[in-house]
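Starting off with a structure, shown below.
The letters A, B and C name the chains in turn, as written, and every chain counts its residues from 1.
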């Protein structure tokens, strides 16, 4: 297991698979967020037909922001800069003119729920649980909020964000629209991911590009909106409330 | 049991509990609507962390508008004035910079569904049923519509309002997003209300204020919108259709 | 069974029933789309209280666009013209100041899902399945998209449109909000349709007209929007991808 994480990408038969990994439950430092943004941007502008977003390992899909980086933030500018990393990934996903299929093999927390929400079609396994824990560390799901609300609506988004300590299961996530499919085994999930990817790789790219535009209509202001949201999180994370919560949380993990 | 209703409020450990009661199934005359507005407004501007909205008794959460006052409306101005009472409560709830938890222990009808929808997090008991009966008395759920549609979407709101005689159960309301949780006993419901209230009372007020703004983004025009809606209801209630329906209904209750 | 289809309409006790039929699974050529538009427009402007939209036969509610006409399209203008037919029906339904109840007795495909979504209250039978198969013939559900997204949300609409070969059952459609009710027998479905139609025929027309406006608020730009969408479909249908897919499909049917 590598000490630090990685983002990799490879394309075969018109299908680009972007994979990320970080030893701390696939949590994301800024460097990896930037690499994800680049890979998604690249896939959107090169000769591929469909994108699969997945993470390595079989425990967590993505635990959200890197706690080490969160706890090292010293001023508002650094704070906004870090959260902007998530904003950039989400904006790259919505602007990509191909469909992005998410393979969700495990827990999604905070920003990880945001990534799962920003894909066009999420296929998950039934043991997956999700949580928006931001409020318990003194911030909120501001940057990923628009992507989550777009997928599951204002009510489910509020529920998830207000009760920040409660895990919701895959069935809840499917009912609310976050996951399109939930499977009982990794094998079934993977078969479904590749069946759909293969079908889309053989579909009309022009039709897909127009459909992508249609599905994301109304989000044209997200470059600015997610920037503003990153500034809110970047400011709140400097609060004593937040500082204390992060230190406590880091001790608990050790 | 008092002849007339009351609205009470008390704050303890950062939790403000606002309770209303009216002997006629917790239906609301204008005076009580105004008191609710004031109490919610007060909680938003004073030293408390979270609000619980509940009603007394164990039968109905809220039966909507007071029939006695509805039937006494004599002109459009009086009509708009009365329905404006509901508009003011909903606008106070959305503007309150704290989260409002709804404790829904029984039936919600008409405006009562509106109050349950305007809280940020509704915790109900499984015997609760809901109905938007406005059309059966010749009006429509105009003032409470935006709050209900925001929570359960256009489709479920239409279903509820068009089939105005059908009770929907707590499970339906949970699936559609009106209730965040549904419990089997009053004790479980109350434990859940207090667990969440306590957790929010110990969360960052700055983060909560920003989240509240985020959840209600896009409703900035509701002061004007709900005013217009109150005028529509205030006009329709003067129709012969409406007058006859209310008289019939009052006879049936007696 | 007639060689060509028909659209019929009759009004009784304030209830206008509009029925369409086409021997090819109730698929719709432009002529029938225009007749549907006219009948809905007429019902909205004449002395009736409520509209029931149904199709004849007990197999498919509506298989969408006529394949014969799709395959005969020779240039962009003809293409836009054809898809505009669906745009006109949907715009007539949203502007009609009466409620439209849909009786959905069988499969809905493509544009057929659009019609089921554009009614105000859809009552279906449990064997009904739905599919948005547009992408598999190189186009997309552009014209009917806004009506479907309004009813079932962005997430469910995306799921349905991206996985274009998958049938979703009546239970899925009900959970997502496309159908208000799902019944086990034709008789129960019909009883429910007539119970609701009868109730609405005896409700206040003024209140219904205001409620219809409220439910469709925010769609005022659909005349223009659906026009633009018809142009997109009209262009994509001329692609080699689309031409080949339609020819293959026609061979398969024969």
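Please note the rule applied: a residue touches a chain if its C-beta (ideal position, glycine included) is under 8 Å from a C-beta of that chain, and two chains touch if they have at least 3 such contacts.
Just so we're clear, the structure is a prediction, and the values are computed from it rather than from any experiment.
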| item | value |
| --- | --- |
| Copy pair chain A, chain B: interface residue numbering same or different (half cut) | different |
| Cα-superposition angle relating the copies chain C and chain A, to nearest 5° | 120 |
| Rounded Å distance between chain A and chain B, as computed from the means of their C-alpha atoms | 35 |
| Overlap residues in chain C, where contacts from two or more other chains coincide | 153, 175 |
| List of chain B residues in touch with chain A within their complex | 99, 120-121, 150-153, 175, 177-178, 180, 196, 199-200, 203-204, 206-208, 210-211, 214-215 |
| Complex interface listing, chain C residues touching chain A | 134-136, 138-142, 145, 153-159, 161-165, 175, 229, 232, 236, 239, 241-242 |
